[in-house]
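Structures given as structure tokens follow.
The following pair of complexes shares a single chain, chain A, combined with chain B in the former and chain C in the latter.
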Partner chain A sequence: MKNDLDRDLSLSLEESSPQASRLDAAHLHAHDTRIHRQDRAFSTRENQAHALSLGGYRALSVLVAVGVILVLLWGVMDLPAFGRDTNPVENEVAERYLAQGLQEGGATNLVANMILDYRAFDTLGESNVLFTAATAVLLLLRGLQTREADRSLAAAAPEAPADPILRAGARALCPVILLYGLYIILNGHLGPGGGFSGGAVMGAALILYREAYGSEKMGHLFSFRTYRAISFFALAFYALSKAYSFFTGANHLPSIISTGTPGAILSAGLILPLNIAVGFVVCCTMYGFFALFEKGEI
Partner chain B sequence: MLWWQNIPFFSIILCLLSAAVCSVLPPRGARAWGRGVLGLCLAGGALLLAILGQPGSASFTFMMGHFPAPWGNEIRAGALEALLACLFPGVMLCALLSGAPALSSGRQASREPQYLSLCMLLMAALLSQAYSNDLFTCYVFLEIMTLSAGALIVFQNSSQALAAGMRYMVLNLVGSGLFLLGVVLLYYLTGHLLMENLFVSLQALAATGEYHRSLTIIIALITVGLSIKSALFPFHSWAPDAYSSGVPSSNAILSSLVSKGYILLLLKVYARVFGWDLVLLSHVDHLLLVFAWAGMIFGSLAAIRTSRFTRMIAWSSVAQIGYIFLGIGLGAGGGYQAAVYHLLVHSCSKALLFLSGEELRRAAGGSDTFADLAGAARKHPVYGALWTVGAFSLVGLPFTGGLISKLLLGGEALRHSPPVALITLAVLALSTLLNVLYFLRTMLILWSPGQEGSSKRGTLSPLGLGACGLLAAGILASFFLAQPLLEVITLGLSQFS
Partner chain C sequence: MEMVMTLLLIIVLLNAIMVVRTKHLLAACIIFMAQSLVMVLIWILLQSPDLAITEAAVGAGVSSLLFFLALKKIQAIDQGKENSAHEK
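Moving on to the complex of A and B:
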């Protein structure tokens, strides 16, 4: 990985030097082999020049990084001291979140009010960041298995059966972990927790089960179709329910969503359903990443 | 609240929802859905422009939820936002229509829904970048832009695209990180994320002279972060590969839309958060001018040196981004105006060059070297003519919008101190001369008699041709309708403060 990066960076260096106009990215492949050869034997003058430019590049990047660090430290020293109650961040914005969050949002977890009610648009964007990342990885890795060579490789090396201790452990642990994740999600408006953390815990349970019982058995429980369906319903529900809330809020229309009794499990308006939607998206993304990076298939 | 004031909110949510919908539809359905949604967003933007573009109209804010800003989120639309809400979906629609063959052929076909889903996310992010009134919302959607654009590069899965995507990712994440650092520090100094409140707090800080050092660092962090992401010289090293190794629609979307989203954000931060006086106080404007001058020359020189057609178009982007930053560096008023004008013109021109260039490449048997492209325009005279329109616009010839933006930049430079004015005019002249050199050379090659029979004539898709025609019409319209367009831009910029 590091070598790849170095090679890429050295390419970019070569390219910006005037004598290297013939080096085009379309010839990347050719360069790859050339630089590989250079890695093996630094004998000719050209290769020495390349090594020098690489060394120079490294020195320069260390210099730039140290420079930026120093400037940032110098800037931080100018900032107001951390944690004082006279700091600018202690203003009317934070005050209202704390003082009126319970009445206005309805969740006893004030952070949940902030991220899923007051600033729900940001969080809608944030869960779409996850979806973007998952789609990007899907696009990048899911195609790989369809290549002939990979398929024959996969056929030649069937999955080794997992360790019996792992299987027994997973059998005992997976349901508990899943249940705990579910609890974190469902309890998100009442105490610490929520969709992001609970979804990550549930994703971990799915990954453990897959490791213990193999991707084929996991396929019965969670296939690509499941992944697509869950992501779609969770995101569509999120977008539509928030669209309703934004629309009624901005147009000052009456909304059917009520905050309920603070502290009750069915309270805080949309926060509980949104936590569930976010939890599902996060769980699918976590598990999807693992499966795609392992086998190129969910 | 008037009914049309729901349009910005509606377009953003519709795009986000469509991203989920496209991911589960079959390829044909996803294609139709994506085009339909972009068409709807374009229509909404046009309606908004018709209302907000009228002289004397005022901008409005829209509460995203039940709580007013700064507690809740808020979006805002004025004349400039409406103009961009037409430009962004319009150019993306053209790119998807004209670039459709490469998306639906062979191995790619089954992955087209995912591609469209990412395009929808990108559109939602671009629209939010235009409409958002809150710096943190801008950051969230900036992340979506970064990730989805990276995926558009690697859609083709070729080794070249993967290398370009990797380099893009590394450098763009550095840019995002610097921007986020700037936003965090701003929040720490002011306690606000809403642009109006930030402006008021920062003016108060500037008046007392407190935290001058931190403010300078913050302005520099945000400027450099967004400059890296929009490929301003000398942070451009990722751009030529990223703009030239994907499928044609990705190349067009990346070079003409994604970079513009970041530039727009920088302009908003300068105009609505810091105010130009504060930027002047930090001397970051000098940095921008120097980078812009160097980029205008260097990008053109690199475009001349390269031996590949697509890459030449990509390198010319580095030079053109320099023009836009030159406008920003020249400052509030005329400079911003020129920057926005060139942003519009370059979006249309660059997308047209990539998309019609792809048709010419196909006529030449898919080759990308100049030698093989000889005579390509004669095989496809319509696309040849369209490509020529795009090239004329970037050179700045009459009857194209490129001339207007160069006139605006030159005129604004004259209002500055003699050294700045002289250097700017000299660089403009030299860069134009270099543009002429490489675009003229390419045009001569494309229209030369060339070898006969070496390749087959491609089929002309009416939709693709229409899309390129629309972009060319945009370029011509930005010349013939320059006055009303400038009035809208001036109105939009005046609503910023």
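Moving on to the complex of A and C:
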């Protein structure tokens, strides 16, 4: 008797359960559509507000942009015409640089004379700015990525080998680019070029080599110790040698640095060594930036 | 010479507008690189080869490399096509 009742109950339960679930589903569906409808109503209202604010934002941004353009154009109107000899930039300083540069600096490239002799203090500041920027990136990225690397050291996969076209191209191009960079640096006092541009070219060659042959192989040639040593010695040499030349110049003392014959490769006093120092700092910084951004270490 | 200069300046202007208008990040980087190369020509025409060498090395070379590296880091190089199609 009890068993029969149980069976009946279970049967009725079994019969009713699909219905109930269907009912539930229908109910849920109705609920869902209601929610959806509410959502749509809500979103259209929000969309209108959003569109209004977006339109206002666009109108405001166009207004601000037009205002800035007008102000800038107004300022440009007062600029003197390009290249006229009565312009304020054509003053006695530039004349002095052009007239006396060859005798006082000794470099046939008068631009090198200006940036590494007359304005050498500014260039020292520029080199230090680059070095400081690299140090800041180092501080920010190095600590961050070593912690990540510790966590995923086991999961770290070996670097995928680079494309064969890239490898062959790098093998052919890297020596030529490096040589060209060296030429720009060493020829900086005789023709166009100098430490900054030559260093950037050499840095680009190092980056190309790293991309083609991987950071592992590059590590043998250029490690963090190399970076530290080159940056320190180049900047220290720059500061000390320029300090000597400022000291003797300001006190009217005889200096052991002679300007030599203009046009010879070993001439122009301190300009050639300073070019080499700046070139090394720039090269290391360019490569260091790339390595830090790519992997978090040099 | 005046004509060449005007042409180059117009190209610089168009490049500058296109860099902002492109949705494709990789294409924007390449246009930015082209902008630097046109600037190199302008510096040479203005008789400042020192600046031209620096612009070629830094503007077209190293800074573009850093941009490409950033795109690689955020994985935008391979998905650039899909992204641009999606945004249109």
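Here, the second predicted complex is superposed on the first by the 225 of 298 C-alpha atoms of A that agree within 3 Å, B and C clash if a C-alpha of one lies under 4 Å from a C-alpha of the other, contacts with A are read in each partner's own complex, and residues count from 1 in each chain.
Please note the rule applied: a residue touches a chain if its C-beta (ideal position, glycine included) is under 8 Å from a C-beta of that chain, and two chains touch if they have at least 3 such contacts.
This is a predicted model, so every value here is computed, not measured.
In the overlay built on the shared chain, the residue A:E294 is in contact with chain C alone; chain B does not reach it.
In the superposition on chain A, A:S61 makes contact with neither chain B nor chain C.
For chain A, the partner that touches more of its residues is B, with chain B and chain C as the two candidates.
Using the contact criterion defined above for the overlaid structures, shared-chain residue A:T261 touches neither chain B nor chain C, since it reaches no partner. In the superposed pair of complexes, A:F246 makes contact with chain B only, with no contact to chain C. Of the two partner chains, neither chain B nor chain C is touched by A:Q103. In the superposed model, A:V201 makes contact with chain C only, not with chain B.
Touch criterion not met for A:Q48: it reaches neither chain B nor chain C. Chain A uses no single residue to touch chain B in one structure and chain C in the other.
Every residue of chain C that touches chain A in the complex is listed here, in rising order: 48-50, 52-54, 57-58, 61-62, 65-66, 69-70, 73.
On the chain B side of its complex with chain A, the touching residues are 1, 6, 9, 13, 16-17, 19-21, 23-24, 62-67, 70-73, 107, 111, 114-115, 117-118, 121, 124-125, 128, 134, 136-137, 140-141, 143-144, 147-148, 150-151, 154-155, 157, 159-160, 163-164, 166-167, 170, 181, 185, 187-192, 201, 211, 213-214, 217-218, 237-238, 240-241, 244-245, 305-308, 311, 368.
Taken in their complex, chain A has these residues touching chain C: 109, 111, 184, 192-194, 196-197, 200-201, 203-204, 207, 286, 289-290, 293-294.
Within the complex, the chain A residues that touch chain B are 4-5, 8-9, 12, 15-16, 21-22, 24-26, 28-29, 71-72, 74-75, 78-80, 87-91, 93-94, 96-97, 104, 117-122, 124-126, 128-129, 131-133, 135-136, 138-140, 142-143, 146, 228-229, 231-232, 235-236, 239-240, 242-243, 245-252, 255.
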